[in-house]
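Below is one structure, written out as structure tokens; the observations come after it.
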Amino acid sequence: MRPVDELILEDGAYQHRTLFWDEEIYERELQQIFARAWLFLTHESLIPNPGDYNTTRMGEDNVIVIRQDDGSIGAFINSCRHRGNTVCHADAGNTRRFTCTYHGWSYGRNGDLVGVPYENEAFFGKLDKSQFGLRPVAQVASYKGLVFGTFDPQAPSLETYLGDMRWYLDAFLDVPGGVELIGPPMKSILNCNWKTPTENFGGDDYHFGWTHAAGVAVIGGPLQMLSGNAELPPDVGFQVGSKYGHIFGFIENGAPALQLHEEWRAAYAAWIEQRMPIMVEKFGPTRARFYGGHWNASIFPNCSFLYGTNTFKVWQPRGPRALEVYTWTLVEKEMSAQLKEIMHRSNAATFGTAGMLESDDGENFEECTRNNRGYVSRQDYYYTGMGQGHEGPHPEMPGIVSEVLMAETGIRNFYRYWARMINGDDWSRIAVPATSPLTKVRVA
Amino acid sequence: MRPVDELILEDGAYQHRTLFWDEEIYERELQQIFARAWLFLTHESLIPNPGDYNTTRMGEDNVIVIRQDDGSIGAFINSCRHRGNTVCHADAGNTRRFTCTYHGWSYGRNGDLVGVPYENEAFFGKLDKSQFGLRPVAQVASYKGLVFGTFDPQAPSLETYLGDMRWYLDAFLDVPGGVELIGPPMKSILNCNWKTPTENFGGDDYHFGWTHAAGVAVIGGPLQMLSGNAELPPDVGFQVGSKYGHIFGFIENGAPALQLHEEWRAAYAAWIEQRMPIMVEKFGPTRARFYGGHWNASIFPNCSFLYGTNTFKVWQPRGPRALEVYTWTLVEKEMSAQLKEIMHRSNAATFGTAGMLESDDGENFEECTRNNRGYVSRQDYYYTGMGQGHEGPHPEMPGIVSEVLMAETGIRNFYRYWARMINGDDWSRIAVPATSPLTKVRVA
Amino acid sequence: MRPVDELILEDGAYQHRTLFWDEEIYERELQQIFARAWLFLTHESLIPNPGDYNTTRMGEDNVIVIRQDDGSIGAFINSCRHRGNTVCHADAGNTRRFTCTYHGWSYGRNGDLVGVPYENEAFFGKLDKSQFGLRPVAQVASYKGLVFGTFDPQAPSLETYLGDMRWYLDAFLDVPGGVELIGPPMKSILNCNWKTPTENFGGDDYHFGWTHAAGVAVIGGPLQMLSGNAELPPDVGFQVGSKYGHIFGFIENGAPALQLHEEWRAAYAAWIEQRMPIMVEKFGPTRARFYGGHWNASIFPNCSFLYGTNTFKVWQPRGPRALEVYTWTLVEKEMSAQLKEIMHRSNAATFGTAGMLESDDGENFEECTRNNRGYVSRQDYYYTGMGQGHEGPHPEMPGIVSEVLMAETGIRNFYRYWARMINGDDWSRIAVPATSPLTKVRVA
Amino acid sequence: MASTVEKTSAVAGQPVDRETHFEIERFLVREARLLDQERLHEWLELLTPDIRYLLPVNEIRYRDDTAPIGTATGTHIFDEDYRQLEMRVNRMDTKLVWFEDPKNIARRLITNIDAEWTDVPGEADVYSTFLVYRNRRQRDETWLVGAREDRLRLTDTGWRLARRNILLDQRVVLDKNLHLMM
Amino acid sequence: MASTVEKTSAVAGQPVDRETHFEIERFLVREARLLDQERLHEWLELLTPDIRYLLPVNEIRYRDDTAPIGTATGTHIFDEDYRQLEMRVNRMDTKLVWFEDPKNIARRLITNIDAEWTDVPGEADVYSTFLVYRNRRQRDETWLVGAREDRLRLTDTGWRLARRNILLDQRVVLDKNLHLMM
Amino acid sequence: MASTVEKTSAVAGQPVDRETHFEIERFLVREARLLDQERLHEWLELLTPDIRYLLPVNEIRYRDDTAPIGTATGTHIFDEDYRQLEMRVNRMDTKLVWFEDPKNIARRLITNIDAEWTDVPGEADVYSTFLVYRNRRQRDETWLVGAREDRLRLTDTGWRLARRNILLDQRVVLDKNLHLMM
């Protein structure tokens, strides 16, 4: 593995292709990123009652996320402390205990080891059960319904970690009644590195008109003109890179653009219009704009969503060249059942496993990884310099903001923070504003 | 790979989870364990006549085991000395020569290179054929019909290697007429580390009532009460760990317990009863008990059997996360054809590839390996402290003996010897009695 | 990885078995051999017109080979310079541009980046497109229709690289009108190391009678007597090892031997007879003999062909234990359509994917690799000492020539050059005549 | 072709007669062939205007787990009506679907056909199992196994597909997409 | 359903008539569906009391090798009578089979059905090939291909399975178990 | 067996009648079984003397690419007449084919049979799909999926195979050879 300052050059504009292939780099990612960063677990709405649980993954670790009796949420590694067997095989459910199928040890909702067969006869009553509870995730927290966890006890609070990104997120998370995710999630695989879809969903409006030329052509609506890059989108937008590597991109008034049919878009537009006054009052005109626009966003390292469309995804890494995609639908709690149905179906038909736009993206992502199989190809760098020098602080909006919609501002930001994390930098150093030392200039 | 004294702690009570995942540790196992220890090859009864052969594996090496003209048994690596092609593709057969399909070199029963096409025209008669015989397994020996081999010329004799374990084994191997294996073996795969089934079949009575709750419930018989850990087994038993890492576990009077039907159990019980006087005379009351009981046992590193049930297995490693299982039925030569048939069918229906109990075990084994995919999970230790402090030398029985049936005595013993072997210790050091230096205490 | 002088011993007569298994050695091969040597790309006849292209591989790198507007041939890595996506998914075609499906960057026939969406809006016209053309293959050249490329700008010219081998090749490449390849190529896989089929097709007449005993028996013709090594071939022949590791083997008068039917052989023989006077005049009697004989040959590192049969193959490596075979039919341009058809069908029926002789070879090749899975097996050496001491310079013919047909002269030569390349020797050192320093003697 | 009258005389829940079974088998085999050949507009003609085309997600729950949790209203990978299916076909017509150019190969093997009459005259419930294989680019493969619960309707122009519920036997779809009709 | 009389008039070794073939095809398709749906007690009802259910191990020997060696009496992965099969079904009823909870998905695709009359009146030898697919937990897959040599018997209550010899086309079973009926 | 007369009265391009379909289905199922059982000489008897047996290479081209380039006259993995097929069978008889000893297991699952009359009396165009599975040595597997376009001819001794075009759904054949008939 090359030194980090040879992996990421020119403020994130160049990434060495080994980032998308190398096993050693991936091991470092598991250690320095997935064992330290806040990772998306589930949404509170999916486990409302005590004992409700979901199983998911953090990096390559299997975890159980379960509502506690006191209403809080706990998360635990899904592996028995005795010989390591899986203690829960379901995607979701409600339970008082998780009983291991191997020797019958059982664990409570809080992870405590509560049952051990033949505890007296075999252990002579001397087993210190308190030493053998399920390994807890170090910190678990919820931000307005979105539940995250980190394996690092030293990690800053979730609020601190989300940082500036909250200023944007609130503009829909704080809608009256809040939001929820509709599950169960679809699950599928991608034979690509986990960073590629994260950067794409977070900050790549540039691909939309070409990759999705066919889909937008038949869906119609305000973005149809983008098909084949015929024209620039009707309204302007911008990209943002924020502290800790989060990415945010915005298209004015685009929210309903990818709902499947004209009248579905109308229904969603009507909903937004009806809600808008409340949002304006709450956030003022600038931020309220976000509520009516279309977002692409990624929360570092592997959680992405498109507000408006309304797809919500986690890219679960599985080695450096593959991942599993979990896909939910994001809706507002107070929307009508019909509107939620419209969004759930539109999401499935666009970015679901059989979605028309999903199928446009997948191969591009995979080939960006698979071509690194070539030894000579792999010695090269990828390039994301678009909009460099045309971005910076903004009077009203936090983070580094691009001048125009088509910019790789957020992507460069993502790789700058990737470099700090992979370096093993202390959290305090990672926190300093994102003007980075990675200015080594590439020699072609 | 961590230093060995960080891999195995507290006399074998803790094993670092990388033992069940790491490629580097596995390479060391191939070098220090599978290239040095005595490995099970076949049973003499399966290759009775000159030229009879079986093919099998030693670690990841393919070998041929063949009865020599003088009645002895030889074993050779199944790879041509010219370009490396396989010289025998059959599971079993009888032959005078193994002829390579590539260039036609042929080898005799004793591995000698006996035929080389165009030896004069192409080699001008100058090829020293004695230099190119099939690579022999360094030592091959039989213990009362069970044939083992080792690649290590320095390895102690098979008798020495089996050591104390012989005192137990003899109690059924020395039955009048001796024992035999019924083949051909079933072969299937397990996506788990090879050590997990070895420890389980050798010394894990603790899992029986829970893992196999359903099977014993419908089979009935004396062990039925164990289903779901309802009660402790009717008669007592114990676990033993012996020199060189062998494991032995015993349940009083359990021999016929897992024969499939009431009358089948009766038939087997009748056979034992009829034989018992001879065994008592031969071994005295203590050891004769073994003949009527049920055993779980593993011969280090990867050969296991259940006396009584009567399944005999070898866990052929295939990388750190997979193996192939070979399964034979173990019977006494002098049993009637009907009784052998009962045992062969009972074995298939319980621990065969489609066996009801086999299907209970497999997933547990696999998950104990697969959960180590998680980087954070993998930093932890597994625990087998059951019965620690309640075991020791026994007035009558060799090895370290547990006070009660449910104990991980044999499993700890297995890992203590694993540590000595992996360390590359000289055979003389490995031989010293099994009170080990691995007393480093784990800090949770 | 062992030092090179322990990998190849006694002038190439012994190769350590890790050469056919080890990942680290393979990485070195990609770097020192496939990123430096001249590799076969295509035949000029397959891309006659401007814009005609084939896609293929160089080592593990995907490349496009395309006829330029000026009639020259260019080759480029088939990976977009932006995020790395594949720019061409077809096997062959004709195009003006390659447009990436991800963001729509497009590249001209000469690899130049000619189209970038929103170049002004997104890049503010400041993108230096000249920096982002497709990565060119450093050198591309054609030798009498056979097109090769190398990633190494320092590599000697193709003519120099082919060296002495040209003296042999010309004997059919210079036939009036020249030769051509019939495509599209068949593609199949082999789970073996890439060196095994290269050495086999290049210099292993020794396997023919035994491996292909069945095929030659039913095809009949002059080689039928070789079936089961019944007799030596009717006419003599020899093996040659030439500079840079190329291999050449020759059987007198054998050219039509493997055409499928008697009258097909007759038709081909008639063609040769009719052509022979021209060839004799052009090359003199010695070399003209080649035109009527059957050749096995490999151009270092992974291109093989059988003149006469007339199969042409490239062994595309895919890790140390697998490869993809590309198979074309080699014919003379001026042959009649019927004769070309005969050869195309004979090639398919003998060395095509479903070929009778192809199916004889495949498993031998695979087992020579797969048996190295064994740790003990892998510590050994393979042996190719046949004819050592019975070879040397020849009064008329260049290279090291064997006294008799059955000799591993060319194979030893191949491994001597493999050792020089893998060593990272400078091209000037590689060039010195092939009496090698690899004389370390093996200790059995 | 047996007349509608004849059919409607059939008893609900009863297996269809041999002749009808043959017709239905022909229908499913030819439908599969149309899809394999990418004759998508002809395929649309085999659908009724009120078609419902479904593929539900297989969420994994323990056997004793009945109560749905969270907001889960169930998720479908396909939940399409005629208009959505037509949109997919029209999308292919744009020739802008890079994923399908060069053309992907897909093959649908239909087996275990079992049909019975419903209480709606002229409508049959048809069960079938499938193996769908996709091969694309140099060597990418997709293997899908499952079953289909179809409602077929006998119209004046022959049998038509009125409903399809696809039971895809996977929890995690083992490919980058399901960009094909089953 | 054709009457037994009719059948017994058939000639041993002859392919069954088209009508009988259709009945047998229906029988095998519905049997497979019952197993896929885990309706195991209904499946037991399709077996004769004297059923023999076999799956032999494919030991690999050279073609010229005739003499059996060693004690080998042959090994069967399944060698079951009605009582053993019933025991397996009862075991599932205990709800203690952790391996099957959450439920595994299994799909049996039955093809190449070929039937001929035997010299026993009302009994047919039926050959069929299969692809059995199992999908469990998040993404574990099992793929099994082979053939079955069945003896079917026509009883007053219809066709019943009297014997099944499963030819599983594997030497090494490429999964942790064969915990499913084929 | 329906008489040739009856057949020739059929209309070109029309699906065959149910009875004929049954005969053709029997033919293909038994042909597959003969091959699985390695009864190769009996298989040869099912071929017409003028048989053409083809398996073309699937070269990958963009959809808008019509013009063939280079010298490409097309390549076939199989391009065989009766004499070549007979040579393959005779080769197996030599007992010198090491690759097939010990015997390989191969299983051919034939599905989606669809037949229609041609304008040649007594000849039908028959489409079918296949899954071919091969298992050999300890655990090598080959999985092949595709379709066959057959021409069947009704002769005095029954149906015979006059032409077979195999559509193997792979660009890169994912095994070391195709040493088996499909």
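First chain written, first letter: the chains are A, B, C, D, E and F, and each begins at residue 1.
As a working rule, a residue touches a chain if its C-beta (ideal position, glycine included) is under 8 Å from a C-beta of that chain, and two chains touch if they have at least 3 such contacts.
The structure displayed is predicted, hence computed values, not measured ones.
Counting C-beta pairs in contact across B-F and across C-F shows that the higher total falls to C-F.
Mean C-alpha position of subunit C lies 48 Å from that of subunit D. Subunit E and subunit F have Cα centroids separated by 28 Å. Between the Cα centres of subunit A and subunit F there is a gap of 50 Å.
We define each chain's centre as the mean of its Cα atoms; on that basis subunit B and subunit E are separated by 33 Å. Of all residues in subunit E, those that touch two or more other chains are 60-62, 98, 101-102, 109, 111, 131, 137-138, 171-172, 174. In subunit B, 89-90, 101, 187, 211, 363 are the positions where the chain touches two or more neighbouring chains simultaneously. Pairs of chains meeting the touch criterion are A-B, A-C, A-D, A-E, B-C, B-E, B-F, C-D, C-F, D-E, D-F, E-F. Touching subunit B in their complex are the following residues of subunit F: 98, 101-102, 137-138. Of all the residues in subunit C, the ones that touch subunit A in their complex are 27, 30-31, 34-35, 58-62, 77-79, 81-86, 101-104, 117-118, 121-124, 127, 131-132, 135, 151. Across the interface of their complex, subunit E is touched by residues 45-49, 52, 89-94, 180-191, 211, 213-215, 217-219, 227-228, 260-261, 324, 329, 340-341, 344-345, 348-349, 352-356, 358-360, 362-363, 365-366 of subunit B. On the subunit B side of its complex with subunit F, the touching residues are 89-90, 101, 187.
Put simply, subunit E touches subunit B in their complex at residues 55, 57, 59-62, 65, 67, 69-80, 83-84, 87-88, 90-92, 94, 96-99, 171-179.
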